[in-house]
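So that we are looking at the same thing, I have put the structure below in structure tokens.
Chain nomenclature is as follows: A, B, C, D and E, assigned in order of appearance, with residue numbering initiated at 1 for each chain independently.
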Amino acid sequence: MVQNKILQSFRTVRSGIIQNSSPLGLIGLITVSVIIILAILAPWIVPHDPFKIDATNRLIPPFWVVDGSMNHILGTDHLGRDILSRLIYGGRVSLLVGFLSVLIAGVIGLFLGLISGYFGGTWIDQFIMRFVDAMLAIPTLLLVLVAIVVFEPGIVTLILVIGLTSWAQYTRLVRGEVLSVKEREFVQSATTLGASKGYIIRKHILPNVLSSFIVVSTIGIATAIMTESSLSFLGLGIQPPDITWGGMLNDGRNYIATSWWIATFPGLAITITVLAITFLGDWLRDILDPKLKKGGDADE
Amino acid sequence: MKKIKVISILMIFAIIISACGFSDPDSTSDKEGETNGYELLTIANPADITTLDPHNNNVITTSAVLVNIYNRLVARDENGEFIPELATEWEKVDDTTWEFKLNPDVTFHNGDAFTAEDVKFSLERVAKDTTLQQNSTFRQIESVNVLDDTTVQIITGEPDPQLLSRLATPAASIFPAAHFEEVGAEEFFANPVGTGPYKYSAWERDDQVELVKFADYFAGEPKWETVHFSVVPEDSTRVSELLTGGIDIAFNIPTADMERIDENDGTHVALAPIQRVIQLWLSTEEGEPTADPKVREAIELAIDNQVIIDEILLGSATPTRTHVAPGNFGADESLYDTYLYDPERAKELLAEAGYEDGVTVEISVNNYYTEMAEVVVGMLAEVGITADIELIEQSQFANRLFGEDLDEGVFVGWGNDMFDGSVLELFKSDNVTSYSNPEVDALLEEAAYNMDEEERADQYKQVQQILAEDRAVVYLFQLEGRYGVNDRINYAPRLDELYYVDEITLSE
Amino acid sequence: MPTNDVLLEVKDLVKHFPVAKHRNQQEKAVVKAVDSVSFNVHKGEILGIVGESGSGKSTVAKLVMQLLEPDEGQILFHGNDIFKESRKERIETKKQVQMVFQDPYSSLNPRMTAKEIVTEALIIHKKIAKKEVDNKALELLEEVGLGKQHLNRYPHQFSGGQRQRLSIARALSLKPDLIVCDEAVSALDVSIQAQILDLLKQLQKTYGIAFIFIAHGLPAVKQISDRIAIMYKGKIVEMASSDEIFDAPKHTYTKKLIDAIPPSHPKYRKDRMVRED
Amino acid sequence: MSYLKRSLLQVIPSLLLLTVIIFALVYVAGDPVSSMLPENATSEDREILAESLGLNEPFYVQYFQYLRSMVTGDFGTSYQYQRPALELVLERLPATLTLSLMAMLIAIIISIPLGILAALKRNTFVDFLVSGISIVGKAMPNFWIGIMLILFLAVQIQIFPVSGADTPAHFVLPAFTLGVALAAEMTRLVRASVLEVIEEEYVQTARSKGQKESIVISKHVFLNSLIPVVTIVGLQFPQLIGGAIVVETVFAWPGIGRLLLTAIETSDMAIIQTIVFVIAIFTIVVNLLTDLVYRVLDPRIKYN
Amino acid sequence: MSKNHTGPLLSVNHLVTEFETRGKNNITVVDDISFHVNEGEIVAIVGESGSGKSITSLSIMGLLKNGGHVTGGAILYQGTDLLKLSKKERRQVRGKEMSMIFQEPMSSLNPMLRIKSQIAEAINIHQPAKSKKQVQEKVIDLLKQVEIPDAERVANRFPHQLSGGMRQRVMIAIALACEPKLLIADEPTTALDVTTQAQILALIKDLNKRRGTGVIFITHDLSVVADIADRVVVMYQGKIVEEADVFQLFDHPQHAYTKKLMRAMPTIEKKAGDSHAN
């Protein structure tokens, strides 16, 4: 059964790729895959030790610029570290922060949203929604900032903090979706079949809520990566020697005018990743919509 | 359809044009109607002043501003020598009594005449009020006795060889006693009154402090009409402001921009040594790898001070093996402008200590010095020492330090606003460092109350030698202050990092 | 008809909905959606309920389906008051009363295949082993005139009429005694409507299932119903056999409804005489 | 009116929960004592100070004290500035609000025409370009945009001042930097909204009257597509203020964000609490306002 | 548009409408159809969903969207081929010469605007010379013409405050604002209750009779056709399969599809005892 499900969803995705071959979606998918693969394989493919500091080889420009060398294709930073290697390593942490924090926020948000939506109008719903309002009334960055002071900045802290402070938007989204799905007749129809609450949530509500949830989650990943870089800018991000794109961007901020490459490449990496994830999200929404699945038109 | 398109394009143009219309109003308006160029001086700091109360301040950038509003009895010249300010002369009556003759022709900004009562009030305030941040520096003062309008005696509890140094810090500023008591502290610091060359005009928080000329300044009419200490936290923005002529002096510019500023038409970089010495404290506590003197020595030998100075600081520092730099009391110049570097020997030492396969030390770093610390980490790695660094926000650093919540290694830049060897008291037992050496303790204790200058200086020199041998601290270098300066003015940065605005002149 | 033939008995059913209070209204305003409604459904009978939008006919359906709780009154199914039953009994009742909804586009979960939809009730009530699912699903689909090729399709791949067939197959799966059709053909093209009505009639004959057939117009109901109830503003204003309603309508509203029915041939036009002048 | 009353009542539990969240966070953040004393103070000094500040009381006592004084308008005193925190925050609030409003204005001015243009030219090069720019605009960290703008527009071509908050020209770069992400978001939203509305039958009705396409768009599409946009603008407001923390640092803008950063660096509890609270209240007010605007805009809600 | 034109009001000749689909062949939705409407005549187009009947009406109005294009044939209105007109000329035909009402009275009125301004808009477009007061009077007059009671009050309301039937009356008022010669009604009663449907049908018939407006009435419901049409065009899969006088069609349906439709019609009249039977 499980295998069937997996096979089926694989087929779904595959047919989605073939039939809704939005080029942007495909570009997004490929880009994200490449970044993930690079991140996983980082230790084996980086041309240099990304942590190796060499003060005498600092600020070497990329190879196509005068004074650049093929040894450091994208140049070196202000401490003489190889930028390409650091970019590849940085992707690890940035993606980890993005995915895991959204996972945390998503799980909490989905859970509370389902409860709140299903029990819409009751005191449970009221309580959850007031909590959501409270969370949403504070800018996420501000919440993260305050929280980061409490705990020491680090990868785990950051993931936890971003995750625990950004669930409210998911709750709100999921609740809204649940409320609207709940009114659809097929849910009533399941009730008339004698289905239990748990069954209805699991089988009817959740699958119909999931697609917009997934789309918003992909955007959440992008937002988390941006939040991390903003924190790095404010000096409260992930600490060296851990490498993140935000941290690299921040390292380079004083060199933008003199050694542009230090900040430009991580900046590009963030932008490209966020773009790719956004494309991927839009595209996921399309392929997760069964209405766009082909196969046998109505005949009568 | 067409109309919509036209409208949208027009809208976008409208923003751009309206924006351009406003652009650059101050740079043009300032230049016009200019008579002598002394109308406005703008100095940009990375942080705002924290208070207008010098007694309740321990931030150097705040002092740098406040010294223009208030005066002390004595001051230091640009080389660190004592010079008269509100006091015309002083003498040591006995080991615990000092007598000061005051300048009779001084008036406060509000017109009040400066008298001995003001000195008594001000110094006793900072010496007695334990809630003030500078209280501990002045606790030595038992009382201030007014002999007549222009004579005071300061009585210390113990013999205090550093009294003059204390009185020369900005924290010893003198307030108008009658006015202060009349309006109360809150109102006083909302509109502070001092005797300095510039009067307080406005403080727009996180934006700028505005001072204006005090024409009746006792030492002669000040040069500048208005002085702005503006706050530009982002380094690159501060440099940009300097390059576009928005400011005259930009403090603490990134080394990366030094060349740009020098090459830019109309700006240059001014460098001068400051009291700050970058140092790495190493725990000698039992159980830590750094408890082994060989490891500590290896660390010192692994660091190539000159490479950091040349590559990261572009030459704007001097290597040192002591905190007490020349110009300070008790400096051991044999330890200055020198460093030890021998990575091969460092490896040997590690092997001797049983760490052939490497050793890991944890270092807490004040994030102000991240870049240098990271290079040090790289150098330590070369000889087989893995340094895990934890960056600590500049302002959190002190908390963590005094909460004794730091790692075995501490990478820190430490100033010396007393210009005295007493700064070494950091290494007295039961202080923030873990170091404990009875010999050092005894020397420092004696020196603290020793009124014999020569002997006292010698005691400090001995301490410096012992520390250089024990390596509970590895000194790296004395920093230079890096200021970006507009070519229209002459500005020579000072050792104490203070801005004496009146020393800044227009260039010809 | 003898009373032991009664499958469903609705007694004095009342359901009010609160509406937002108006500024200068003191009392709580309510909509009397169902206002003291009583009727019986006999075994194997098709009862048509006709009323325009807002007449309360859908609320009656929801009450019968236990999707709503009544404010007053009783609903007896096989003689038991369904709102006083235990949880377990209620589930039993639910199995025996099924529903086909109006909107063929929202009454089917877009993420389930036809197979999953029609066998869902069986799986919920654990009446079927996993390997039987395909066979049972096919059986049900064939019952409503669909075939093997439809098993793994999603609802959006069906036409409106086919979807309504799916809904009926789903309702049939538990072999219920009563199926409530709430405007089940209103959204369909006329020719499709006829097919669905035929299907229902056939199911009634084959399995003896009773139907409550709700519609907003008389024509559809006339064709299929044994008896017809006319609802107007929350009340049943007239209830009689299908022929009686058309031959001798008593209530003025019933007459108005009949009057509004378009002719089946231009020759029955009411204004024909005028037009030909 | 009853709507307003109801909304206001709903706000109260949220605010209470908010105070708990804030207080808990700041409580854990803990020890402000060290930052208040000079570098060489003794541990007795620390103890005395902690005692005098009531920092040795248990959590709930401190919370209720906090709540009680807050109700009376006392948000505590900043250690760093030795002044009432509320006063400090309110002093900076106008700068941040002006910046945020300017950013929002810029975002609106940019996004509405571009969004409409993209929708009307759907699937053409123009649409692709606009959508592309807007996605990129959202994907760039705003401090990066800010530093770049300074380098090019202020240092290279010198058409705008670098930093500070003196003249209208000073607004342009920071407000633009802050508004870019919102503009990008809104452009996409306006586009989607217009595309949706343009499919509505009443638009066909207007065309069937023989109305000019430009008037069809301005009269029938524009206003209707504005409704979801208004809602988003309200929801985005807190994120805008969040962005201001970064932008204020880049452009030396003397607002609440800078105050917050200083406060965070010095663990100035009172200021942090007050800022979070004031921003939250502001957000709630803005949300109420957008709700009202929404009600005014949409007669379906207004006349019900 | 020549005033003294003598032929049919509208004649559609070999009309072909296609829709673009990305990357694939175009879909032909209306496939070479021809029919005409005389002045004062009600022509019903009957067909099931997807038969192309609505697309035909949109093609005539020039309101095709989503990649739909007329790719062949001619649409002659009083002898002028509408397809050869410029966009502007085409627009001026809409509303003034021919107008349209839609199926969904819920969504065919702009929810943001008051009833009066939506009707006034239709007047202002083609008769800009009218003063505000004249327009106002005309609005009320139109509302009265479509038998809306309390016209002054309704004029000031928003669409959502009206019932479905009232909205459809307002739509008809808008369509009639400039007294067009042709009214296209696309399933105008499908979403309405039976009694409301009867009223709207009566209204359309009445307007047709009193003003001589030609009507194209699109529906899937033969009984509505029986009630209203003079002539019937039956469409099936984009083609016209039958065209006949309404009596002829009901008495002698030719095409199999027509017959199927006929069979599906629910009948309520009793054959015997019908006074009109002849």
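Please note the rule applied: contacts are C-beta pairs under 8 Å (C-beta built on N, C-alpha and C of every residue); 3 or more make two chains touch, one makes a residue touch a chain.
What you are looking at is a predicted structure, and each value in this text was computed from that prediction instead of being measured.
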item	value
Other chains in touch with both chain C and chain D	A, E
Pair of chains joined by the greatest number of C-beta pairs in contact	B-D
Centre-most chain, if every chain is reduced to its averaged C-alpha atoms	D
Inter-chain centre distance, chain A versus chain C - centres from mean C-alpha coordinates, in Å	47
Centre distance in Å when chain C and chain E are each reduced to the mean of their C-alpha atoms	33
Rounded Å distance, chain B centre to chain D centre (Cα mean)	36
Chain B and chain C: spacing of chain centres that average the CA atoms, whole Å	86
Per-residue multi-chain contacts in chain A, two or more chains	236, 253, 256-257
Two or more partner chains touched - positions in chain D	147, 151, 155, 249, 267, 304
Residues of chain B engaged with two or more neighbouring chains	234, 236, 393
Parts of chain D lying in touch with chain E, wherever the complex brings them together	199-202, 204-212, 219-220, 223-224, 297-300, 303-304
Touching residues on chain B, where the partner in the complex is chain D	1-5, 7-9, 11-12, 15, 19-20, 22-27, 47-48, 50-51, 53, 56, 58, 130-131, 133-137, 204-207, 230-234, 236-238, 240-241, 243-244, 246, 393-396, 398-403
Contact set on chain A toward chain B in their complex	52-56, 58, 78-80, 152, 235-236, 239-241, 253-259
Residues of chain E touching chain C in the complex	48-49, 164, 193-198, 201-202, 205, 209, 220-224, 226-227, 229, 246-247, 250, 260-261, 263-270, 274, 276-278
Contact footprint of chain C on chain A as seen in their complex	1, 184-186, 188-196, 199, 203-204, 207-208, 290-291, 293, 295-300
